[in-house]
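Below are structures written as structure tokens.
Each of the two complexes below includes chain A, the first together with chain B, the second together with chain C.
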Partner chain A sequence: MTRWLFFCLLLALPAWAAVGDPNERLPDPAKEAIAREIGRELRCLVCQNQSIEDSDAQLARDLRRLVRERVAAGEDSAAVIRFVHQRYGDFVLLRPPVTAATMLLWATPILALGGGIAVIMLRRRRALAEAAALSPEEARRLAELDRGAA
Partner chain B sequence: MIGELGHFALALGCILALAQAILPLIGAHRRDARLMALASPLAGAQLIAIASAFGALLWAFAVNDTTVSNVVLNSHSQKPLLYKFSGAWGNHEGSMVLWVLILALCGGAVAGFGRDLPSALQARVIGILGLIAAGFLGFIIFTSNPFERVWPPPMDGQGLNPILQDPGLAFHPPMLYLGYVGYAVTFAFAVAALLEGRVDAAWGRWVRPWSLAAWSFLTLGIALGSWWAYYELGWGGYWFWDPVENASLLPWLIGAALLHSAIVVEKRESLKIWTVLLAILAFGMSLLGTFLVRSGVLNSVHAFANDPARGVFILALLMAYVAGALALFAWRAPKLGGTGIFAPLSREGGLVLNNLLLCSIAAVVLVGTLWPMFADILFGAKISVGAPFFNAATAPLAIPLVAAMALGPMLAWKRADLAGALQRLWWVGALAVASAFLTLLVAGYHVWPALGFAAAAWLIFGAAADILDRIAAFRRPSQAWNRARGLPRAAWGGAIAHAGVGVMFAGLAGMGLATDALVALKPGEATRLAGYEWRLERIRDVQGPNWSARRATVTVLDGARVVTVLEPEKRFFPVGRMNTTEAAIHTNALRDLYAVLGDERDGGGVLRLHHNPLAPWIWFGAVIMALGGGLSLSDRRVRVSAPSRKAATAPA
Partner chain C sequence: MSDITPPKRPRRWMLYAPLGLAAAAGAGFYAMLQGLQDGSYDPRGVPSVLLGKPVPDFSLPALEGVDLPALAAADLRGPLPGPVLVNFWASWCAPCIIEHPQLMRLAREGIAVHGINYKDRVMEAGAFLQRHGNPYRRLGRDEPGRIAIDWGVYGVPETYLLDRQGMIRWRWAGPITADTLEKDLRPLLRRYA
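Entry: the complex of A and B
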């Protein structure tokens, strides 16, 4: 955290110093909410891992305006994101699209969970097999105990 | 002079650490009691050397010694004393000294409190800690000397970044390092166990308190950082899924898995191999975090990231320690053996599920953090992995984890009765569903907050149900009080920590219902947000110790009643020529009213106003979790029965 912010400040001081411009918000709260949902999906390209909603860099401002213009014109979220994606490429999407390069990334939860379950099942099967097999010595003792108990 | 003494103390500490690494390990291998007996005194001597070096660094900052380049770069004579001290560890070199100091403290603690440990195990643990310390002291001495001189000395220092001049942040790094370094001790125990070829309940009893302590400190450290981001950055956000935040989350997740599986080792002598692996991984993740923060590998955002030589050095240390430990693990782990048999539906089974899900979440966070770099190298693809990915990819794993959290403690060891456990939790489930519906009813169609409140109710009341069940409050109410007092503190600690997670979920869900407004107001004008009237009274100049500011006064009214007066500021720090925004926050524990001052124009100002329901619960929850960890730590059994193994072997 410390380092991250330190660096952020050095790089993008205005991003933290300003609070935003009331004029850029849409008058209709429902549309503003949609625009904000979209904005959280889009990266401020000159910032470090910030969405355009969390940055006051000039580029973020421009993108926010662009998103709001399109939302005000009645476009749906998917269309707005597609438009920005076409203009700026994959880098602008904070939720990376599924491509050859991100297949493994998106598969991580399934691979981790599936791999973990497979390992647990294998180990369990082996443990059960080991526990089931008694050594001759143990078998003899067990028989003795059985006789004793009877 | 003091600086040179500090530098010398570091070098001396490095030599002592090397001796501490080599002699006791050889001693333990050869069963040579004299060499093993050197472990504790060497650890003590190393602690004294490192503490002296750290003291010398603090001294240089306290007297603002401008012949030390570290002081010049990170301090200033006009700074309040607290921030002079925190400046000592608010930079790469100083924070590394703090890191090795905490490591030396841990070594000293194992030496001092570990007299009851079997002497070979103790010697090995202290030896491994010495090995880690020697590596990092070498790193400091060869690449990051904190006592470097400048000549001629400048008139004054350049100052600490103003946003770091904050009490929350002054204690954020020490807390984090206590967590990170605490995992060095569990790592040392794991490697020592592999060397010995033995893991038993006594080992589990030693590892559990260390993993509990490390985890509790890490929880507090992460919470402090997140809280600071919330009030200092002025965006009302508290978690950004930034690579450096993720780097602290990784050991936290693996550490949470570790402290749960250590319970199984201690109580059931099962999951031994797995626990040893987790102990290695937890420290590996701590080192990885250190590496990511200081190497500048990631296309990210760190002040410490500037010198590739440092990155290579830490990477080499990371490889040596973790790869070495993993190789040893592959070689020796099968010897540890002894997986107890348990039914899938049992307390053990629940803890295995906990481990599986926590580790899967950690895998997602790890891969997500590193993937932009891999994608660039492997496919030449420039991609971003941000909050929407992490939220989407971790939620499906977090939901079953939360579901199992209330259920797990209700299950019996070995073989459990699921129907019975569910029966005892029916009212908890009903409350959770009711919370979700109530949220939808009151706040409108917000799916995630509704789920969040359901999770909160499930965990908080689930923890209550666990305690009520243990003290048999319904079956034998007359003895409930006595039973409650007799309940081991570890049981209370576990329930409290789980409830703390629930409290945090309530905070997260509340923040999902936050509303805000961005308005330009002139003095005397007002706006409405969340049922309150927010009136800007005036904006004026204020003078601080090392800053000047513009301060707005905003009165928040509920009808005619004044709720609070908020005074957000825009500060200007002449040293460093920087601006910061100081948010004004009023909390009543159920909601935060939050105001930030922006640009001024036409005699008025731009204000961003937030209404954040339950926001403080996020950090309350974290504190409760850490308290739960601390309470478990104080359990009598942790302190008293650990020595049993030595007592048994003493006559030999």
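Entry: the complex of A and C
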């Protein structure tokens, strides 16, 4: 039981570690939640592997503030993300859009999975084909066994 | 006998396939390292969305205590008498000090260089220009850094080259070293002169 509780506590840790500067937050919790969701979609261009919600860089802070201002003004998520996207391009989106340039990026998992399945199926088929054919020696022994059993 | 298929010979080339793959990957990495060294490849670089476009609308105040006119988008709309450089800088930015002699040289050669002072204190920005010299014809002050976001700036220094029509032709994120000036900027300045 204690172990179970401890496990739950471990899961909960990141939740309160993510709380940022309270001065930055919007007074309306619903809008703050929207702003946070938007922020998690946007890449910090300074640290690059963090979202602007997670980053402590000056530019990330400015972008967080910008996102909150626009959310507070009543803009929807898509419009806010579009605003930032127009300025920083695809790079700022942690989930890049599917375009000709990013096609390979998106298709890689499918290609890898499809390739793997193809390899497995080819090997299996070949294994079956090989198992079906008996060497002359095996054919002779099998005939012997058959005779013995009869 | 003829109905029994002989056992298949292992395909030899399959053994070399991983080797070939590793060689191809090695060549790729080598090209990347070469690119990193000569600056043609930057994995952290963020391509500018402004290339081929005019500058976004803005109007910035002048820097107090420095006798330079302010900067607004209207100053950067074509037709312009020649190519123009717009340089985002700050006194707290160390690479800006490395870059400064190159900007000074361009200014002496008569190239129009405008500055946008990014997230800086008035006194310190003024002191920086006093110590290192002033290359700018116009200087805007972007203390909150909002105009920089409109330009897609993600660090200082950053420099934009505008052609005579006021279109952005080149963006350099990082200091313009003597090497960058000769190899990248000079050919562009000649092309858009």
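Assume the second predicted complex is superposed on the first by the 128 of 150 C-alpha atoms of A that agree within 3 Å, B and C clash if a C-alpha of one lies under 4 Å from a C-alpha of the other, contacts with A are read in each partner's own complex, and residues count from 1 in each chain.
Convention: a residue touches a chain if its C-beta (ideal position, glycine included) is under 8 Å from a C-beta of that chain, and two chains touch if they have at least 3 such contacts.
This structure is a prediction, so every number in the text was calculated from the model and none was measured.
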Checklist outcome for this item: Of chain B and chain C, the partner touching more residues of chain A is B
Next on the checklist: For A:139 in the superposed arrangement: first (chain B), second (chain C), both or neither?
Outcome noted: second
Checklist entry - Which partner does A:89 contact after superposing on A: first (chain B), second (chain C), both, neither? => result both
Checklist entry - Now for A:62: first (chain B), second (chain C), both, or neither, which partner does it touch? => result second
Checklist entry - Is A:108 contacted by the first partner chain B, the second partner chain C, both or neither? => result first
Next on the checklist: By the touch definition at the top of the document, which applies to A:41: first (chain B), second (chain C), both, or neither?
Outcome noted: first
Item to check | On chain A, the residue positions that both chain B and chain C contact, one per complex | outcome: 48, 89, 91-92
Item to check | Complex contacts: residues of chain B adjacent to chain A | outcome: 90, 161, 163-164, 169, 172-173, 225-226, 228-229, 233-235, 237, 240-245, 248, 293, 299-305, 339, 341, 344, 352, 356-357, 359-360, 363-364, 367-368, 371, 375, 378-379, 381-389, 392-394, 396-397, 518-520, 570, 578-581, 596-599, 606-608
Next on the checklist: Quick check on the complex: what are the chain C residues that touch chain A?
Outcome noted: 1, 4-5, 7-8, 44, 46-49, 119, 144-146, 149-152, 154-155
Next on the checklist: Using the touch definition from the top, list the residues of chain A that touch chain B in their complex.
Outcome noted: 1-11, 13, 16-22, 25, 40-41, 43, 48-51, 54, 89-96, 99-102, 104-106, 108-109, 111-113, 116-117, 120, 123-124, 127-128, 131
Next on the checklist: Show me the residue ranges of chain A that touch chain C in the complex, using the header's touch definition.
Outcome noted: 45-46, 48, 58-59, 62-63, 66, 86-89, 91-92, 126, 130, 133-136, 139
